[in-house]
Structure formats: C-alpha cells, structure tokens
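Only one structure is covered here, and it is reproduced in the block below.
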Amino acid sequence: MHIYTRKVQYYETDKMNFVHHSNYIRWFEESRVDYLESIGLPFDKMEADGLLSPVLEMNCKYHRACTFGDTVDIAVAMTRFERLRFGFAYRVTDHARGTLLAEGSSMHCFMNAAGRPVALERSAPQLAERFAAVHIQDTAQWEQR
Amino acid sequence: MHIYTRKVQYYETDKMNFVHHSNYIRWFEESRVDYLESIGLPFDKMEADGLLSPVLEMNCKYHRACTFGDTVDIAVAMTRFERLRFGFAYRVTDHARGTLLAEGSSMHCFMNAAGRPVALERSAPQLAERFAAVHIQDTAQWEQR
Amino acid sequence: MHIYTRKVQYYETDKMNFVHHSNYIRWFEESRVDYLESIGLPFDKMEADGLLSPVLEMNCKYHRACTFGDTVDIAVAMTRFERLRFGFAYRVTDHARGTLLAEGSSMHCFMNAAGRPVALERSAPQLAERFAAVHIQDTAQWEQR
Amino acid sequence: MHIYTRKVQYYETDKMNFVHHSNYIRWFEESRVDYLESIGLPFDKMEADGLLSPVLEMNCKYHRACTFGDTVDIAVAMTRFERLRFGFAYRVTDHARGTLLAEGSSMHCFMNAAGRPVALERSAPQLAERFAAVHIQDTAQWEQR
C-alpha cells in the first residue's frame, strides 16, 4: 500500500467550483505510477521493455468534493492479481482533515508491443513474483483499514 | 436514447498511441449533456435555475482502443431514475466499423446552490415528470439492444 | 481559411466559471486538424506516412471569456509557410453574438520518424505545393478581414 | 524567482510519444500558483477575498520534447508589473540534464467579482506593494541568468 499526496490544481476545477470528476481517474493513474516506482517497478521502464499496460476497467464513487487550495492523499493498493489481469483499489482523502472524498478501483492487463495480452509469469517471471508479493501484502493491509 | 458522435482529438491520445482512458469519462459527459439538450432539458439552464448535478459514481469497461483519426458514437440512455438519484448507461462504438470500444454507467444527483441533495419531484416537479418519462422509454430501448 | 465550430464542454470550464485558458490551445489544434482534413490533407495520414508535426510556438491573447452553454467559431488560416516551418493564425468568436473571444498563432515544423526536421519541398514536394497554395490564399483572406 | 519541480504524467503525453504542448500552459499555472503560495500570496485566498485573476495572454516556445519518466523544473519570475496588469516569465528545463525544453510568458490582470478590472494599488495596496517588491527582485534575477 502506498500514499500519494498532491495538491489540487486550478485547471482541475470546473464551474461547479470543485474538481471535475474525470480528474480522479487521472489521480488514480498518478498514484499507481508513483506506487510502482516507489517499489522499483517503474512503468516507463516496463514500457521501454515492451510491456504496455492498458486499462480494462475503471470505477469511482464520489463522496465529497474538493477544490483548488486543497491537498489530497490517494491511498493505492494492488488488490487483484490474476494470470492475465491485475487491479488496484484507491481511497482519496482530504490531506488536512482526513475526510473521505472518493473510492475507486481499476483493472489492467499486460500487453506486448503487438497488442497481445501477456501472462506475466511466462513473459516476465521476476516481475510476476514481485507483483504477487505486493498483491498479498496489499490485500491484507487494505482489508485492515 | 441518444447517439452522440464526435471525432477523437489528437490531444486525447497518449504515448501508447490510443485515447487515454480518462477521456471516455469526459465523452460520457459530452453525450449526456448533448442528450439532455436534445430533449429540451439543457444542463446550463438547470444550473442557471440553481440546480447543480454532481456525479456520484462513474464506471467504465474498456474493450478496444481507438485513436486520432477515428470517429466514435456514444449511445447514452437514462437507465436509472430514483427519488434522489438518476443514472445513465453508455456504449462507445467505432463510427465506421461499429465495433464496441467501451461501456459505462454513471450516477448523479441534484443539489441546490447550498449543496443539499434535492428531490426532483418536490423542487422541480415538471422536470421530474420529464425525467421519469425519459427513463421509462430509455430503459425499454436500452434492454432491447 | 476555415471556420471550425464547436460547443464549449462542461469539463473545459474552471472555478472562475469560464473556459480554462489552456483549452484554447487545444481548440486551435482541433481547428487546424479540421481545416487540413477539409482540404484533403489529414494529419493522421501524414503521421501514417512518417511525417510528424511538432509545435514550435504557441501564442494566445484572451479578450473575453466564454463558458458552458456557449458555442464558439474558430477561424483558422495558414499565414506562414517557410522552408522548414509553417504557421497558423486563429480567431475565436462567440457563435451566437460574433464577439471576439481570443486571437492566437502557432508555428510548426515537419519532422521525420527519426526526429529530424524535414524540408517539405524535398521530402514531400506535392504536399509542399498544396501548403504553398493554401498559404497564399489564406494570407490574402486573413488580411482582408 | 522560484523553481517548481514536477514529474511528467502519463496522461500528459500524446501519440507522438511526448508531452502535449497544451500541458505546458497548465504547468505554467502550477508554477505561478506554487510561487505565489511560497511567498505568502496564495491564489485561493485572493479568490476568497473576491480578487479573480484572469489570463490575458499566453506565449510558449517549445525547444525540446519531454515525456513520461522525465521530471521538469519550471523557473518562474514576475517580470511585469503595471497598474492594471502583471506578467510572468517561465523556463522549463529537464531536471536530470538541465536541457532547456521550453520558454514562455503570460500576462494577467485582477478583476473583482463583478468582472471589472481592478487597480491593485487602490483596491489592495498591501498586495500591490508585495507584488512590486517581487517584481523588482525577479526582474533583476531573471535578466542575470
């Protein structure tokens, strides 16, 4: 599990005065990129190695709004790891007050440069092992919260 | 039900060569705004009347990628209408080939300027009637597909 | 010269209630893509032919704001065409009232897949001829306005 | 003068493999917001006090591309301060190598809630003094580089 903290940007707000809901999807990406990098599994290296990682599914529930001037914490954990797919869970909270702002989840796969889905344990067994370990630890931590 | 057609923009693609997944969430918004306007229920008028409509939930499954040069059709229908919430379903297909690219759904509520949830049938009974009628028709049409 | 018309999207507004200034830069791109496509020079085909076209410079003056519910016309013309660079001028006006909202300009070059600047008259002489003709006509039309 | 450092996000790239040019305009905003906050003049407080600050002009020259995996430094300075307008200059460099990626400038004004331009020295004399001092120091520092 990982906490990614970032400020809300002015250009992320909309005329309702709050962050536009589509930006949470981008924050989820920021948080999982930051998470994977923090454990030595940077996305840009994976892509350079020919492993693309398209998004299969994205879900978000919005509980409270936030706006420019706020800072948010995004908790991210790898709560799913299957042969061909893996997934993350997210919780966005207000950094100052701890209020829950949004919860989400995403599913992803690995794909080679030819666009074919890739079973990680075959094509990149070491990476698969790392993912499996992260998944076990994260699942435990995420449930405990 | 309504079909909203639009071209993919260059700035909507990412380095994987395809449209970034967050943009589908924006296309969903475009399609429901266009839909409501097409049936005489424009969002900008509702907002001017003090009715804001925040997003409660957003879901998307990505089936196939699309990219710059493509045109997409977004089918949108109001498949949920409850006392305090209403929701849409979406299907994104490639305009030229008809291939299914993505499916999604969203939930929304109405909120007054003070940020309180609003029961449409009380605060805007005529609008509530329109929504109810749209909902009945759309649900039937959506299931048939 | 070409007029590209589009509606302002909700997600393009910011908490000041107006379209965020960065989006005009995206509208400029939309308008020149639409323009080039309308005269049979689509960007996606050029890219498929190995001709990339990075942006060298971007300028915009903002005169009046616009917001969700508005429709804008973007007039675009190729007002510069040199050996290694070409440029466009833009005028954004309110579709309903004709008010001037913004004016801008951009400079671009052509680059091959290896990232080298390309002289169009050498590497794609037919395209260069088309661009030259468009440039002459547009410059005349743009000045007259 | 102020240096604002941030990572390039995946969603900021486009199919040419590099950051889309419109995002630099957003980075400029991030850097000036961060700058003003760092010297005790946060934008969100100014807005809460009824001072809006629309953008009048935006310019950017793009020298080299950057992409996902890169970190950028954005140097920002208040190089213009007039009765009704003030402006910033920007330099974007690669954090690791120091290479110049882009240079830009922007002009802004202050506007009250009614949308009228505001002379800072009248309506907010203390803020005007701060801005004047920042402007003098920044202009000197910026030229020296």
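Note that the chains take the letters A, B, C and D in the order they are written out, and that residue 1 is the start of every chain.
One rule holds for everything that comes next: a contact is a pair of C-beta atoms (placed from the backbone, for glycine too) under 8 Å apart; a residue touches a chain by one contact, two chains touch by 3 or more.
Please read these numbers as outputs of a predicted model, since none were measured by experiment.
**Student:** Would you identify the chain whose Cα-based centre sits farthest away from the centre of subunit B?
**Tutor:** Following the centroid criterion, the farthest chain would be D.
**Student:** Superimpose the Cα atoms of subunit A on the matching ones in subunit D and note the rotation angle, 0 to 180, in steps of 5 degrees.
**Tutor:** That rotation is 180 degrees, given to the nearest 5.
**Student:** Per the centroid of Cα atoms for each chain, what is the distance between subunit B and subunit C, given in Å?
**Tutor:** Chain centroid spacing, subunit B to subunit C, equals 29 Å.
**Student:** Starting from the mean Cα coordinates of subunit A and subunit C, work out the distance between those two points in Å.
**Tutor:** Once rounded, the distance between the two centres reads 35 Å.
**Student:** Please set out, as single numbers or ranges, the residues of subunit A touching at least two other chains.
**Tutor:** Answer for subunit A, listing residues that touch two or more other chains: 10-11, 15, 18, 22, 26, 29, 47, 68.
**Student:** What residues of subunit D sit close enough to touch subunit A in their complex?
**Tutor:** 9-11, 26, 29-30, 33, 42-45, 47, 68-69
**Student:** Given the complex with subunit C, which residues does subunit D contribute to the contact?
**Tutor:** By the definition above, subunit D touches subunit C via 15-16, 18, 21-23, 25-26, 29, 47, 52, 54-62, 65.
**Student:** Enumerate the contact residues on subunit A facing subunit C in the complex.
**Tutor:** Those residues of subunit A that touch subunit C are 10-11, 13-15, 17-18, 20, 22, 67-68.
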